[in-house]
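Two complexes follow with chain A in common, the first pairing it with chain B and the second with chain C.
So, the complex of A and B:
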């Protein structure tokens, strides 16, 4: 139990009870939910999961990546391609997908950090790699080219070993991923590596001066973040059963990943989760509103206004403010 | 056979050079804004698309030719840029990069979707009378539309250079860019200068939009592509360098045209992004940029 005690040390008792209640609710609720609400909840968990993955790199280690679609796309494409061409199940295929994403992340990270690109320049490098890969996949026949890669949809088939089945299966898989990553993030933050990351985020030069292995720590951040994002990509590919380079590697996909943690609160544990709830909730409300007025793009206009309001009035994110309201202020890490 | 190939290559290069001038003007706007305020305008392509839409509206409903409406478009964009900077962006000048990014992303989403809500998702083009005219230059054929657009872009870039070199306010902006604290000390109104700078940058991209609509039809989906393109050009040329932005525009214009000729046209952006990666790694200050200290 010492592991559990270490993870929960310093957290307010009230917060732990709330967390336990939330997890219990998420475990038992799905069979009671309608199809629509289940799909919304799945979206929330998906964005919470990728948000946490991205947050490791930006929120913890302070490296702005706007090219995370690269890792999700590689993970998804490789696992789906292996399944499609050779019948290799995703539980095996994900290792190849994750390996490819970690390799890509190491290349992007190593080049960026070694040539000391920081801030916007590093972000542009990540965009460039992601876009480069998008165009490459457009012309790669094995991956279906620009016409896309489609997995067979068998509605009634339940084959969890090949990640084939109904929404409930995908729900529990993404719940496990999101919850596992939450615990992983907490453990990372409490570890030596996590402390190093925070030091690098606050002042990389000072960290270097006191002996933090800056390059190595940054590399770990990219690799862990890329690996988790690749898992999200695999899940995404098998949930939606189709992959297009224009969507999988799109700039929009990379941006989408960043929104939940930024809106929720960068560098916090709960930020990406709260951000995912806010984002998905707003998205669903605006879709409904958009159907009322029938104007192309109206949903995005609402969305833009909401983003503008959040960044102007809650620039540090929703979670730090909400935590104060709930009386569960996290140690700001 | 080979002489045919050489001719079509030269043809593609000239076409790329002409389009590249307009790209350069677009990138100039981004470069000016970044060079002075260190704010990365993630809504740049969206502004470009708004400029294209405005010009299209003027042509379609008021029968004003793009070249004639250009000064007005530039003036409107100056005001838009000035207002954007002084209302929304000023509070974010000293905030972390990711907050600026989110702010400009929200602005970008609003701009492009307002265009889509008003004009619809389909493409709109401008049919000029000079559409099919061309100038013969030896064996070379120059597109009249492209040539006019390129000449206009050069003229505007020259105006911009004169503005930054000779006018008092242009010099003050450069002073504020070089040394923010120093500018404050000698009593420059830096906030107003910043708003002015964003206005000038927006006017550039608005004018580029007015020229670009004569070359290709506008649709909302172009916006992200142009934002990325402007980044590529500016980084390749050197962020904050005016000649760099123009040169980068020419380089990307030519490389796109040549890649479109030699490879599949859809693979042309791979070339640009490859170039971006190389420049970022080997010469992050850009081809014409000075290494920052």
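So, the complex of A and C:
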């Protein structure tokens, strides 16, 4: 219980109740939802989850990664490949996927942090690794090369042990991942490591002067972030049943991971969640609008303008502003 | 917690051929307060940075209680018992005053709760007790200087390096800081090395003073001796009033 108390210490009671209500709702609502709304909710949870994972690096430790597709791609490809070729289920395969992503993250992180690449230079390094991994997978036959890797679509089968089944199965898995990561992030923030990350984000030199082992802490950040992102990749691969290097390691994939935390509020725990709701919501609204008015590209234009407006008028993100309105301010830790 | 003895021997550092510090040596007995003074650009902060592990000396060594600390990384130097402030203050801007100091306190105690209590304690003693939950960036410069000292102290050092913590303070604030440091030194026996231009503070605090100019030591002695030293008056003190 002391663990629970530590996690909830300092959180407004009101926020805890809202959180509990939200979780209860997310647990019971899905069977009542239409297929469409379920798929929307799945998207929200997915982006909340990967956003949270990315936020560990950028929001907490202040390290800009624009190559998170690398970790998601590795996780997905390896777990899917093991299942496709050897029938190894994803619950086992994910360990290999996560291990590969952590290794990749360690290499990118070590090269960047050891040689003090900061800001955009570090971001370029992350892009480079993601890009050349894409090229490598284009030519790797085991992974299907540029032709892609396909899993058999088995929506009617219910085989949770192999992560085969309908949307409801995937919904509960992604809900567990998102909720678990939320709790993990809270626990990390309320630990020495978490505080050290914040110190590094604010001023690495001052952090080191008060005894923070900067390189090691940054390495932990990239490894944890990569591991969680790889899990998202595994889930993604089994949900969509297909993998192409051009999509899995795409620059756009890396960017979309960053949007929810940026829109929601960098460095906050609820930012990625709120951001995912806003982004997915806007996406759906503008898709409908696009179908209504029949103008090509209208969705993308509105979507872009909406993001622009949010970033201009709520530069700290939607969540800090919303939290004030709700009276549950979470300070940007 | 008690103070450590600092020995600086034959310290030298050049930057791209420019000799910043050459053959500087001094020692500070455990529990003493020692000042490092000299004109701007004399190399005082470079000496500090070599002690604190930011720069690796080209020559010479720094030892703390006989253990070599020169060449270690800054966080390792902190582990060895050295706390430092920065001349140009470096608060963790977006974090609260309390969190700033808590991060320092986490160095000696991994429990966030206990670190917070310890940090609040130090902040109260430095007169920042009523600003705990303000973001550090909202502090005035004198308060930021105090925050620097609090954060360094929270790591539980045996040697405290203070880089111009009096600069920019009003005379009454200087007196408060002096009183605080003197009490701290008396109560805990903490060794203090300070770089300072405010002679009023140097005179009031330091048992010994080392004077550097153009990277070399030109004099050493008690504050009284230094104030009468011809060489020191010529290169440095002549410019200012000795309070």
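Odds and ends about this structure:
Going forward, the second predicted complex is superposed on the first by the 332 of 333 C-alpha atoms of A that agree within 3 Å, B and C clash if a C-alpha of one lies under 4 Å from a C-alpha of the other, contacts with A are read in each partner's own complex, and residues count from 1 in each chain.
Here is the rule we go by: a residue touches a chain if its C-beta (ideal position, glycine included) is under 8 Å from a C-beta of that chain, and two chains touch if they have at least 3 such contacts.
As the structure is a prediction and not an experimental result, all values here were calculated from the model.
When the two complexes are overlaid on their common chain A, residue A:255 makes contact with chain B while staying clear of chain C.
Contacts of A:203 after superposition on the shared chain: chain C is touched, whereas chain B is not. In the superposed pair of complexes, A:190 makes contact with chain C only, with no contact to chain B.
Contacts of A:115 after superposition on the shared chain: chain B is touched, whereas chain C is not.
In the superposition on chain A, A:212 contacts chain C only, with no contact to chain B. Counting residues of chain A touched by each partner, chain B versus chain C, the larger count belongs to B. Comparing the two interfaces of chain A, the one with chain B and the one with chain C have no residue in common. Here chain A touches chain C in the complex through residues 190-192, 195-196, 198-199, 202-203, 205-214, 331-333, going by the rule given at the top.
Residues 40, 88, 91, 95, 97-99, 101-103, 105-110, 112-117, 120-121, 220, 224, 228, 231-232, 235, 264, 266-267, 269-270, 273-274, 276-277, 280-281, 284 of chain B are the ones touching chain A in the complex.
Interface residues of chain C facing chain A in the complex, by the touch rule stated above, are 52, 54, 73-75, 78-79, 83-84, 86, 90-96, 99, 102-104, 106-107, 110, 112, 151-152, 154-155.
Those residues of chain A that touch chain B in the complex are listed here as 58, 64, 66, 111, 115, 117, 119-121, 123-125, 127-129, 131-132, 135-136, 138-139, 146, 251-252, 255, 258-259, 262-263, 266, 295-298, 300-301, 303-305, 307-308, 311-312, 315.
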